[in-house]
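Each chain gets a letter, A, B and C, in the order it is written, and its residues are counted from 1.
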Amino acid sequence: MESLPLAFWLDLLGTFVFGISGALVAVRRGLDIFGIAVLSVAAGLAGGMIRDMLLGATPPTALEDPRYLLTSLAAGVCVFFGHRLLDRLNKPVMVLDALGLGVFAVSGCHKSLVFGLDPLPAILLGVLTAVGGGAVRDLFVAEIPRVLREEVYALAAMVGAAIVVAGGALGLADGWTAAAGVVGAFAVRVISVWRDWRAPRAPGS
Amino acid sequence: MESLPLAFWLDLLGTFVFGISGALVAVRRGLDIFGIAVLSVAAGLAGGMIRDMLLGATPPTALEDPRYLLTSLAAGVCVFFGHRLLDRLNKPVMVLDALGLGVFAVSGCHKSLVFGLDPLPAILLGVLTAVGGGAVRDLFVAEIPRVLREEVYALAAMVGAAIVVAGGALGLADGWTAAAGVVGAFAVRVISVWRDWRAPRAPGS
Amino acid sequence: MESLPLAFWLDLLGTFVFGISGALVAVRRGLDIFGIAVLSVAAGLAGGMIRDMLLGATPPTALEDPRYLLTSLAAGVCVFFGHRLLDRLNKPVMVLDALGLGVFAVSGCHKSLVFGLDPLPAILLGVLTAVGGGAVRDLFVAEIPRVLREEVYALAAMVGAAIVVAGGALGLADGWTAAAGVVGAFAVRVISVWRDWRAPRAPGS
């Protein structure tokens, strides 16, 4: 993957923050150290694996490069020893989840464009990559995934992915476009929670 | 996919009706417009994506062709504005689900045969394609999937897929075989609900 | 897959025992004969399908070779008629699940090494293969997967996969290494349940 250094670092960052979010959920559920490891690996790697399986980029980078596994396990170890510190921060799972959401939306969309997908499907796969890890994490503890419960979640991922598509169409540098996409998705998600944005429901529902 | 026009139109029809069923579930759960979009896309596209990932036909047609995404989103929009009309019809989710079941069973089996699978595995993949979208829809709202709860569900998909295999073995035209498969699966499913067919349980259970 | 006769027989054995475990769960939930068939196929084939999709070995062996489907259906039939006998045995789901866990951990890791994965990712994919079928089985009946609930589960799979990697590195014969891996994973799992091993929780959780 030397030709995709940007995607590599984005993936690794997303793997770490989703790994943290998975491990925090595991600690709150009272799971043991192995349950923590399973949920940090599942939350950290599932989004990228789904992306790569759908692109036909197999084996997924998360399996070809041991650094992904080690990164998600490192996230689990950090939470095992440091969860009390993380819990003192306000809504840590939400903020980390928002960061992972932005990072994976950008990396998923970016890699889809590299693999020749059209803009709309590339945005879709960016969203899928972004919500995949969290959905697996939530399904494993029998919760309705955040992507359905939260008002502005898939939309935030869509914003991040759309910025990547727009930046590519405008010929901007990949690095700046990626940064803008991550910041855009993260901002939309965090502000929506902070300001308690409400999305419309079906009339009469 | 110009070589598979039949599979294309079947897929698009199945995407639409499963998209409707996903969106109706979302409205009933009181989800907002983004939750509706997520469930209509998930229910509409998951079956075909699972089929294509298993066949190695990546990226899946649902990602290569933006019409799939637009079709499932259109289903969500129809439900957003028209769910009161749809609710007045009797058991609309069940009937649409039965139609999607038949369509995807046929398209999954047909594409599996084109990719050279043997008859039995082709039927299995047809069933998987057919139950995949609904299973993802139900898992996302933390319900036991319809394929387990309902008496005659996987069996209906199997009938549709088996008709495709039989039609192919008899050298019948693809179009007629596909139509017969959809009608067969749909009829078995709807009649089983209507007549309240009961399947046997394990003796002594 | 004539070049992988060992993996073939391991896969078939794992398919059968996970098929039994899935069918037993279905009978306990009072599902009908089709629900039993769905859960025995899902539990029996999902792990290997996930493995093959991640390796890019598509279509998966479970779809290329009808014997996999027939094996998992045979497991369902055995349970349909014989579940009272199986229930008289102590903790039959746990023991069969442990055997399937070991078999799939070994087969997943072995096939990953054949496909050129590094040792760490090969162990990860062995664990994924081993826990995949059971996770799908448990998610389908809306239970938190065993891999999260149980103290020593992913660890047992990891032991089996690590033995395969170690045996390969030492140049031992595949057959003996595989047998040692299955026995190792099975023993760790069963002894952990029998002796009620407890894994550490995060300090202060």
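To be clear about the criterion, a contact is a pair of C-beta atoms (placed from the backbone, for glycine too) under 8 Å apart; a residue touches a chain by one contact, two chains touch by 3 or more.
From a predicted model like this one, the values you see are computed outputs, not experimental measurements.
*Asks:* What pattern do the touching chains form: line, ring, star, complete or other?
*Replies:* complete
*Asks:* Compute the rotation angle for the C-alpha superposition of chain A onto chain C, expressed as a multiple of 5 degrees.
*Replies:* Going from chain A to chain C via C-alpha fit gives 120 degrees.
*Asks:* Is it true that over half of the residue numbers where chain A touches chain B are used by both copies, so same, or is it different?
*Replies:* Under half shared, hence different.
*Asks:* Could you tell me the distance, in whole angstrom, between the mean C-alpha positions of chain A and chain B?
*Replies:* So the centroids are 28 Å from each other.
*Asks:* What residues in chain B touch two or more of the other chains?
*Replies:* If we look for residues of chain B contacting two or more partner chains, we find 53, 56, 139, 142.
*Asks:* Show which residues of chain A lie in contact with chain B when the two form their complex.
*Replies:* So the residues of chain A in touch with chain B come to 53-56, 112, 115, 117-118, 120-121, 124-125, 131, 135, 139, 142-145, 147-149, 151-155, 198-205.
*Asks:* Which bits of chain B are touching chain A when the two form their complex?
*Replies:* Listed in rising order, the residues are 26-39, 41, 49, 53, 56, 58-60, 62-66, 69-70, 79-81, 83-84, 139-142.
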